[in-house]
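Below are two complexes that have chain A in common, paired first with chain B and then with chain C.
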Partner chain A sequence: MLIYALKRLGLAVLVAVVVSALAFLLLRASGDVAIALAGEGARSEDIENIRRIYGLDRPLVVQYLDWAAKMARGDFGTSLFFKTDVHALVLDKLPTTALLALFSLIFALAVSLPLGILAALYPNSWIDRLCLALAVIGQALPSFFFALILMIVFAVMLRWLPVSGSDSWAHFVLPTVVLGYYIAPAIMRLVRAGMIEVLASDYVRTARAKGLSSSSVVLKHALRNALVPVVALAAVQLGFLLGGSVVIETVFALDGLGYLAYQSITHKDLPVTQAIVTLLSLIYVGLTLAADLANAWLDPRIRVGSGT
Partner chain B sequence: MAVLLEVEGLTVDIATARGTLHAVRDVSFSLQSGETLCLVGESGCGKSMTALALMGLLPRAAQRSARRMRFEGNDLAALPERRLAELRGARMAMVFQEPMTALNPAYTIGDQLTEVHRRHKDSTMAVARERAVALLEMVGITNAAARLGQYPHQLSGGLRQRIMIAMSLMCGPSLLIADEPTTALDVTIQAQILRLLVELQRDLGIAIVLITHDLGVVARVAHRVAVMYAGEIVESASAADLFAAPRHPYTRGLMASIPVPGATRPGDRLGVIRGIVPSLIGDVGGCAFRDRCDFAQPVCARTVPVRSDGGHDWRCILGEAVAA
Partner chain C sequence: MSRFSTGVLTAVVAAMMAVAPALADKKGNAIRFAYDQVVENVDPFMNNVRIGVIIGQQVWDTLIYRDPKTAEYKGQLATAWKWIDDKTLELDLRKGVKFHNGAEFTADDVVYTLNFVVSPESKVVTRQNVAWIDRAEKIDAYKVRIICKEPFPAAIEYLAGPVVIHPHEYYAKVGPHGMNEKPVGSGPYRITEHSVGKYVRMERNPDYFKDSPKPQPKIEKVEIRFIPDRQTQVAEMMAGGADMIMNVALDQATQMKAVPTLQVVSGETMRIVFLHLDSREATTAPQLRDLKVRQAIMHAIDRESMVKQIVGQGARVLHTVCFPPQFGCSDEGAPRYAYDPAKAKQLLAEAGFKDGFDIDLYAYRERNQTEAMIGYLRAVGIRANLRFMQYAAMREANRAGKAAMLHQTWGSFSVNDVSASTPVYYKFGPDDISRDPEVRDFLQRGDSQVDPAVRKEAYRKALALIAERAYSLPLYSLTTYYVANKDLVFIAYPDEIPRFWEMSYK
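The block that comes next holds the complex of A and B.
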């Protein structure tokens, strides 16, 4: 297990380096930084000066290493638009987005695990059809549209929840439901497919031949094996939630990273965009690593060699 | 000896896209405690479905009915699933054909062995572990205590089948159903597992329903034999009677296809029964073997009576004199 974990960790570090280099290069390629820094109407002399001062005339590799070293020390530079420390700015917004992503994932799992299991236990029953209908609607309905409907019903008409902002827990409810509902169908379908396959397996028949209770057959013997692909998907979805909450945060004026990313892109605030992209990529790599380790725990064929 | 299991008129129908498949048709047999009954027949004749019907483990699409299905004083046909589950693994246990996939890959051998004992005997972990070690030793596994911590994928097929057998015996059942337990194993391991079953039968006095398509196996272990063809039992007798005087043309065809040690040289053609098994979808009507039978006559298309001679029953229009 330890060797497996170390191997995965090594791989994750490697991926993180490559991903950060890509993030660095992509944003450099998207426009001349010196021109962006100098602002509109700058003379070419000034632009040249800026290029020298910021070290933009050095080879790209040197620039990347310099940038990476600074990032590692927590020095993310200064925001061009907000004129504040990027590190503080990003860390200030991260918890809101992380919480929203986590709540959404928990909500999605709480809905899709039981429904997926029930749909697999009773294929083609009314519950299976209901799940399919929910999934189709979930994938067809644009999330901002769904957000607006919820907002009108629960915030404007019923007045149960606040319309927008990020001051209290109540502000998280609607965004959580919208985002969670968006990713639930994929998880539900994977749980259903996995459970149907596993329920037809020989070892589930063995479990039933042992006279075990149906809860033990379904939750102990079947579910654990059906969860392996679900964990990987959930990690990908969580990463997607972190990066993809731009629309929802903007709709609900939830003051998180997604909203900040939107602002930094519209204002060509390069250091902020770069910090967010890099941070999200690294979190994504971390999530993949966590999923690998969780799967090794679920499936001993991954973690234990086959020596007798 | 007391009657342990009594089955009368067992029928299993499976709904398929092309119509109802009559996998098991009006099957009756009984089993004394401590006896070994072999169910033999070609692939697809309904042996596994018969076994699964007894255990209440049929696939969802299958529908079971029976006039009578008594086991240790319980009416298996009328028992609700909850009560049936209390018998499964405790009084009646089953070993399957595929040891490679019959154990759960996610849990240790120890977990899977102790689980069944804790479920039915309400035992503590320590007691269940002790029982597991004792049984692993009984089925000939060395270093038993250390095996408890291993996962199925770390063990060979032969070892896994021994573990399956140990697991089936954890609660001391009176009936063991073994569905082709050696088919997936290589020849030397097959012989070992078979010997193990015979020994366990002798030592524990357990009754065994052994499913096989290998008459060589039958000759070595069976007390009684039931020959199945197209979902029906076409002949049943004590093993000695069956081998001495097979009555049904199908049984005799099967026997002609066993290689005889010494007499059959490698590469020799065995007596193969010509023709193919009829479709079990829709009504069969009359003798299902008539398209392949050398003795077939027009009356064979009508309902064929069961003939009886002592404990020897066969379903054919031919009496003893003609068939012999």
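The block that comes next holds the complex of A and C.
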């Protein structure tokens, strides 16, 4: 197990380094930062000045190594746009995004677990078809469009909820539903498949033969086993939710990391964009690692298989 | 019902009651204004976004004030001013003006602010707004001199626009960073809270000096919220979560006219639109070297129809590259290129392009207008391909000489003087892609002479030459649409600055 864990950890670190380097290169390839920073009407000497002040005139490799070394020390640099410490800026917005991701995950689980179980209990019934339809719609509907529909219905027409902002819990309801609905189908399909497999297994048949109540068989005996892959998937989806919040936070003007990412991208604020991309990929890599390790711990076949 | 579920229900109801908007609207005599751009620093010298200009005008005062209705200059923090020589402006300052922190306004504030912002260490973002200043000198507590680097007659216009005055002791202590966190000005509104990237909350300044040419504010509170998504802004207006938005697209504005609680107001803006052509030797489209080809482009586009059908109410067709009310802007003596596709084709044939040619058309905003132009150009045989991108990227292409035809727009930073518009594109600056020394010399003369008549004549000649030699096709001014609470009384000015201090509810 230790060798497996170390291997996965090494791989995770490698992925994180590659991602950070890629992000660095791609962001720099997206255009001249100095010109963007200088704004409308700047003179050539202003642009040259900016290039010098921010060290943008140095070779890319030097810029990357300098940035990576500082990053490793926890120094995220200064925002080119807001002119404040990136570290503080990112930390300030992280709770909102984390909260939104967590709420969305809870919402997704609350919707997909019962529906997945029902679909498994009554395969090919109308419930199963309904779940399939919901899943297809959830994956096909662009999230910003779904967001606008919910906004029109619940904020403009019914006036039950605010349109945008992040001042109270009510501001989180619509974004949570939109973001949660986006990942629910994957979980739902996994629960359904897992449950169908487990329900057909011998020990469930034994449990039923023992005369246990149907709910006890399904919820206590079957679900626990069917949930193993779901836990792993949910962990990974949480990372996806953190990243997926860029669109949702922008549409709902929720003051989180995604909104900050949008702002920093529009203003070519490289240090902030870089910090967010790196932070989110680190979290994603961390969650994937945790899921891998949890799976290996739960299912010995995985760690044994990896050793060969 | 169990005690638990009763508790949950009570909590939910209580929380819902707590979800009152941060500011009340008409009843609270407040305006909730939603805007899509974020301001990085509200200090007017430290941002180059429109919303920064809007906030700056509410919170700070300038030495001189330009009446938006009459374009007449009035004293604001200064009471009188005169040119002592070509480069030196002397100003008498107003007594009895107080900053929001209680500090008295004196010559020290003017001298410190101006000398600070011109110093390279200040790292001001809007360098072009202060680059003309050499230094400021105190004569006595209420008299200062501003010395320009070169003769700069447009100084008055700049002092009435982007050049605000900060309280010197506070600014020296906290710097631009502190000014952003806890802004202190002397204007009709003071900022009570600035949550960076989220909102700016302001309150009426009860001690605003009575002699200010800006009227005493009537609206008690103003909240500027940053909502990046236009659809969300519209939804906020319809749900009653905002009282005013601007820059609404023509089609959306038309639809919102049907909402009984809202009013839609359109107004011309200072932003001018023109088709910029690279006619230099090294141009990527050598066809544009030929005057006839450029003239053909002038005749190919139906500007009148574009204004009527897609630009919107209030826009006007331009014949020279400047905004008509700007000092020095004139189309006298400039040729008029009427919409005449047959003539355009004939000119192309004469130039040896009977079958037309292919060209890339660069654009960054109002894509529908670019597409309309592409349609007109194709009709005469010029096969234009759209290259749509971000402003910064387009400017990069322009400056690198990669873009030969650009759908350009320019807002002059709300400065009502031609020196802030035409010279940017024709005085051998980085954006000049025609590089005509004759034009440059006329513009230079207009920029540096003090005599208004001499300036006007120099600009007139430059503008006529640009039109005659067809370096660019002047298109039209843009309009902006405001959507507001139907009871809000306000005027849409061309400089796109909503003046909250003038507004009130019916």
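Remarks
What we mean here is this: the second predicted complex is superposed on the first by the 217 of 308 C-alpha atoms of A that agree within 3 Å, B and C clash if a C-alpha of one lies under 4 Å from a C-alpha of the other, contacts with A are read in each partner's own complex, and residues count from 1 in each chain.
Everything below uses one rule, namely that contacts are C-beta pairs under 8 Å (C-beta built on N, C-alpha and C of every residue); 3 or more make two chains touch, one makes a residue touch a chain.
Please read all numbers here as calculations on a predicted model, not as lab measurements.
In the superposition on chain A, A:299 makes contact with chain B only, while chain C stays out of contact range. In the superposed model, A:10 lies in contact with neither chain B nor chain C. Looking at the superposed arrangement, the partner reaching more residues of chain A, out of chain B and chain C, is C. In the superposition on chain A, contact of A:55 is made with neither chain B nor chain C. In the superposition on chain A, A:207 makes contact with chain B only, while chain C stays out of contact range.
Contacts of A:165 after superposition: chain C is touched, whereas chain B is not reached. In the superposition on chain A, A:95 makes contact with neither chain B nor chain C. Chain A uses no single residue to touch chain B in one structure and chain C in the other.
Partner chain C is touched in their complex by these residues of chain A: 31-32, 35-36, 39-44, 46, 49, 53, 81-84, 148, 151-152, 155-156, 159, 162-171, 250-253, 255, 259-260, 262-263, 267-268.
Those residues of chain C that touch chain A in the shared complex are 15-16, 18-19, 21-22, 38, 40-41, 46, 48, 120, 123, 125-128, 131, 176-177, 180, 195-198, 225-229, 231-232, 235-236, 238-241, 390-393, 395-396, 399, 411, 413, 424, 429-430.
Of all the residues in chain B, the ones that touch chain A in their complex are 55, 57, 85-90, 93-94, 96, 98, 101-108, 115-116, 119-120, 150-151, 153-156, 164, 167.
Interface residues of chain A, counted against chain B in their complex, comprise 201-203, 205-213, 216, 221, 224-225, 298-301, 304-308.
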